[in-house]
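Chain lettering (A, B, C and D) follows the sequence in which the chains are written, and residue indices restart at 1 in each chain.
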Amino acid sequence: MENRLNFASDYLEGAHPVILQRLMETNLLKTPGYGVDEISEAAREKIRKACEAPEAEVHFLVGGTQANATMIDAFLRGYQGVIAAETGHINVHESGAIEAGGHKVLGLPQKDGKVSADTIREYLENFFADESFEHMVIPGMVYLSQPTEYGTLYSKAELTAIKDVCKEYNLPLYIDGARLAYALACPENDVTLPDLAKLCDAFYIGGTKCGALFGEAVVVPKKGSIPHLFTTVKQHGALLAKGRIASLQFDVMFTDGLYEKMGENGIRLANHIRQELLNKGYTLAFPSPTNQIFVLLEKKKVQEISDKAILSFWENTDEEHSIMRICTSWAAREEEVEELLEVL
Amino acid sequence: MENRLNFASDYLEGAHPVILQRLMETNLLKTPGYGVDEISEAAREKIRKACEAPEAEVHFLVGGTQANATMIDAFLRGYQGVIAAETGHINVHESGAIEAGGHKVLGLPQKDGKVSADTIREYLENFFADESFEHMVIPGMVYLSQPTEYGTLYSKAELTAIKDVCKEYNLPLYIDGARLAYALACPENDVTLPDLAKLCDAFYIGGTKCGALFGEAVVVPKKGSIPHLFTTVKQHGALLAKGRIASLQFDVMFTDGLYEKMGENGIRLANHIRQELLNKGYTLAFPSPTNQIFVLLEKKKVQEISDKAILSFWENTDEEHSIMRICTSWAAREEEVEELLEVL
Amino acid sequence: MENRLNFASDYLEGAHPVILQRLMETNLLKTPGYGVDEISEAAREKIRKACEAPEAEVHFLVGGTQANATMIDAFLRGYQGVIAAETGHINVHESGAIEAGGHKVLGLPQKDGKVSADTIREYLENFFADESFEHMVIPGMVYLSQPTEYGTLYSKAELTAIKDVCKEYNLPLYIDGARLAYALACPENDVTLPDLAKLCDAFYIGGTKCGALFGEAVVVPKKGSIPHLFTTVKQHGALLAKGRIASLQFDVMFTDGLYEKMGENGIRLANHIRQELLNKGYTLAFPSPTNQIFVLLEKKKVQEISDKAILSFWENTDEEHSIMRICTSWAAREEEVEELLEVL
Amino acid sequence: MENRLNFASDYLEGAHPVILQRLMETNLLKTPGYGVDEISEAAREKIRKACEAPEAEVHFLVGGTQANATMIDAFLRGYQGVIAAETGHINVHESGAIEAGGHKVLGLPQKDGKVSADTIREYLENFFADESFEHMVIPGMVYLSQPTEYGTLYSKAELTAIKDVCKEYNLPLYIDGARLAYALACPENDVTLPDLAKLCDAFYIGGTKCGALFGEAVVVPKKGSIPHLFTTVKQHGALLAKGRIASLQFDVMFTDGLYEKMGENGIRLANHIRQELLNKGYTLAFPSPTNQIFVLLEKKKVQEISDKAILSFWENTDEEHSIMRICTSWAAREEEVEELLEVL
């Protein structure tokens, strides 16, 4: 087995042990399929409470690409596309899942992974001012990631400004929270789950990268606002027969604040790494306060450490330098972090 | 919690305990994502051995609808459709997942859930004899289920005859093995995994209904015969970040013949139920030798037992009678079966 | 060139001479593209008047498959399918254009090409009574053809009954009028253009088979009821740059009742053929009162006449007999009809 | 009717008079539908000769968006996207027709509407060098426009270089020739029809903007290289029932070099306008040698002339200036051009 330190991603391990324990305890219970069981209902209720959204509809899907493709398809009509940062996950790393559903991703300029309310508004103003806009894809919703693909965060003020643009143009706002635990646990963050429930027409609370075996909890704050969402989920191959296997994990994570606690572990260690890297004179490529650290390294350095630690290659900046990603997680351990810092 | 006997389906419980144990043991291992880890590779190798298909490509997907939509999309060009029994799962209970991928399901007449080689051949002969066939959807592959949605089995002779038609018309053959464990464990069955690997261009070995928490192992006997299948899997939202969570379950199920053993439990108890029902004078609606039993009941009887046992409603045959489905599984226990028989 | 009599279809010739004359007269006018020109607006106004639908939105598309695919896509959400007779054009002869748009055609049993209100209602009742309906394609609209593919007609009473079912289930009703001129000109017909505008959420008035070079006028009686239909039309490749080329033809056809007059020619000659065939002892396969005549012929007879007249093969009924289609049209001439009757 | 000079586009008028005359002469001929008639075959043969491609398959479609959506769908598998200039018509002005077919447009940086072989090669090198490329849309073909949307031309050397990249990466090359007549008639052009037939896997010869009522001739130099293209055309609603109405126009345009002659009229007048504009001190925005002229105007000038001449708005460059497009065509007349020059 692998002996190297591994900071390549936040989906290296299985799940938080309490999740496995709960799977054990409930294993031989017989429950109806497709998420209409008591465990799923209990998990939904906990999420509703955490979001202060008592009317919310909650669906437990398997993964992020699936959740995005399903929800974007649920929101858009055939003639519409989805506004996203050019660097948005749906625009880059989902193998065209959105286009396979018939929709164009309308990629907008971003900074550190974030698209601003002004950028969106300007785009929309220009779009509808164009005499030939009806010959183009009509913008039909806004997709954001919190944290972004670059580990950065939208502030509550920024999200509110984006929401205002959305309202003005009657566009649903959808947020991809694949790494939401790390946002929620971040001192710099001022966007809570209730805020998301107020601002978004739908968002998902990430499980896979935040301590679950797999699973993403899609929250639709206004119940019934998306007709036949169950069927759309099924059509996208996203409906688990044993629905409770996913929901149970959220039930555990939304008991006693476990979800935020797991995020805190990732953040604390990431902050430590960031601080030490800066102390050692390294340059950070993006101002990410969450569990992803993007560090500029000489290529020969990358080569040098590659037999001791696994980082994730992000991109080359020039002939001699690369940006490498270091990822902490709910499962990262202090000792490993120290070893990594020694290696660097 | 529910006190009634529950024979509604074969996905009521979690997973075989050995699977959970293995999840525990491996939980904190760090492995790369997306199925390129050692556990996944080991599971693939065991499946290749069981199938006597050393070159097979194996992908671990999450569920049946997803596996079908992904593979049918992988096989077909835009102008093609998929031949299936009218009663085929893809034609009825997948919320239009195949059509959402752009393909028509070409439903053919069936008997007890099975479509015959003759029916397929006749359809194809007529199709290509029609002067206007180019104005219709071109048949591009054949989809079968083993066991079928009615619990019946194709014999090796029947599958071979269908394969011969497929060869003649250059159509890939794909088999949905959602409940394959129960076929393999059935005394009446003469189609082995190696047979499937020889006869099919792809098939999947069902996990969800056969003892796993979730998961279906798609087997493509000829490696590389479907270009960029990985990307198609990803595009369908069917690529697990923590790929090993699915593959590990197959690793366990393909160790020491566990997969067949779990099937045997379902079959033994189903056969017992069938025999007793016949002894009691009940009529069975379909000649299914696997873990699904379709029994004709008076509606008042259905009503009468509904507070003691949960069966699955199949269809009404007339004003006074319904077909109800009784499902056993890897997890069914003898005592429950005896209690059910008393209730009936 | 071909010397045989040709009754194979109603799209053998070009267009009514007045259409060509008008094309000549207007040829060098400069008008803006995409249907926002004065000619198109005039044609729309004439159609609105003929339909007694002063608020109607009218789009001029190129062909029938295109019009159907566009409008069905405009009406349906991703999780919905379209109810149609099993024999409906969209279910058989459009190469899967509807499925390519992501939608299942929900084919219902028919008689002589017609699906009844009772059949639709029963289907819907059963569908929504099924506990697992959310796992299936949700019916989202009703598609009918007037006349049907078998040349038969819905009566006003029949259409009204279907509309009532549609209302009850909140389903748009859409009618394919590829051969509508022949319906309107038929003595047996009691469904007028204003009736269609009252009963339908959209329908199209066929040009291609009724005297135009090409073109179908889609009528949406309630303006704006389908948002961004212009963009959907464009997305389907159905927006003519020189929009007036299509609309001008409708302008001509809706001047001085030309559309109905062309239909009358087809109907009068078809009725004459039908009467003579019955006099000669032939059997008609369907009770079609419009311009398509389906006659049962011995195969040797078919062979015998094949060097004198071109009919259209419909289907074999047994080893020795076929149903052949004879088609009259706006352009058919009396002499040809007499010659055909001599041949038969 | 409109009294202003109109240079807004090249699809303002009907068709070249000879086309109308030929429509008249052939109007009452009876020919089989769907393009299998003698007129269509004759037109195909003329196009094959002009392209020196005796084995070419030729399909007559209705419009550009339709031709592009159909052909791109015919070339690509589900997991593939199409490389195009960011400014390519398919990426901007086709209402998402490509995405509606399930495919991402992979927009690359361009200069004056042209994407270079180097840009494409660099993109492909980086793409396949990326470890996670299988999580992205796989490039599956290259789309170019000749002339481009900015009126510029690829040279034979440039196209050959692009073709070399395509060969290396096994990508079909497809060229959109909506305004091809103006390229062919341009002194600066060195790419002939036979060159296109040699370099492309498919391309289309534009009719709509080059003198036809409508219609685009898709040329596939290697017959049969795209299986069941007829069915794909039909599925896209692009198959004309009266196929000859489109093909006849190409038969006329490819008789006695009419196609190039019409192009020459547009080019001669455009060159005259360009020369005079430069003489008057105007700035041209793009170095387009074809029938589109992009001139930088002060907004107040635009306003000033707007009651005398209709130009086409292209974009604002700053608060006070706009780029306006002047379009000549096969039908433009010298007098009008002189009047326009006076106005400017």
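Rule of thumb we're sticking to: a contact is a pair of C-beta atoms (placed from the backbone, for glycine too) under 8 Å apart; a residue touches a chain by one contact, two chains touch by 3 or more.
Source: prediction; values computed, not measured.
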Message: Relative to chain B, which chain's C-alpha centre is the most remote?
response: D
- request: Could you let me know which interface, B-D or A-B, is made of more C-beta pairs in contact?
  value: A-B
Message: Which of C-D, A-D or A-C has the same interface as B-C, meaning more than half of the contact pairs match by residue number?
response: A-D
Task: Report the inter-chain centroid distance for chain A and chain B in whole angstrom, where each centroid is the mean of the CA atoms.
output: 33
Statement: CA centroids of chain A and chain D: separation to the nearest Å works out as 42
Message: I'd like the Å distance between the centres of chain B and chain D, where a centre is the mean of that chain's Cα atoms.
response: 49
Field: Of all residues in chain C, the ones touching two or more other chains
entry: 78-79, 94-96, 100-102, 134-137, 231-232, 234-235
Message: Building nodes from the protein chains and edges from chain pairs that touch, which of line, ring, star, complete or other describes the result?
response: complete
Message: Under the stated contact criterion, what part of chain D meets chain B in this complex?
response: 34, 73-74, 77-79, 101-102, 134-138, 227-228, 230-232, 234-235
Task: Going by the contact rule at the top, pick out the chain B residues touching chain A in the complex.
output: 1-2, 6, 8-9, 11-15, 17, 20, 23-24, 26-33, 38, 62-67, 69-70, 94-97, 100-101, 208-209, 213-214, 231-232, 234-242, 245, 331
Interfacial residue positions of chain C with respect to chain B in the complex: 78-79, 81, 92-96, 99-105, 131-132, 134-137, 313
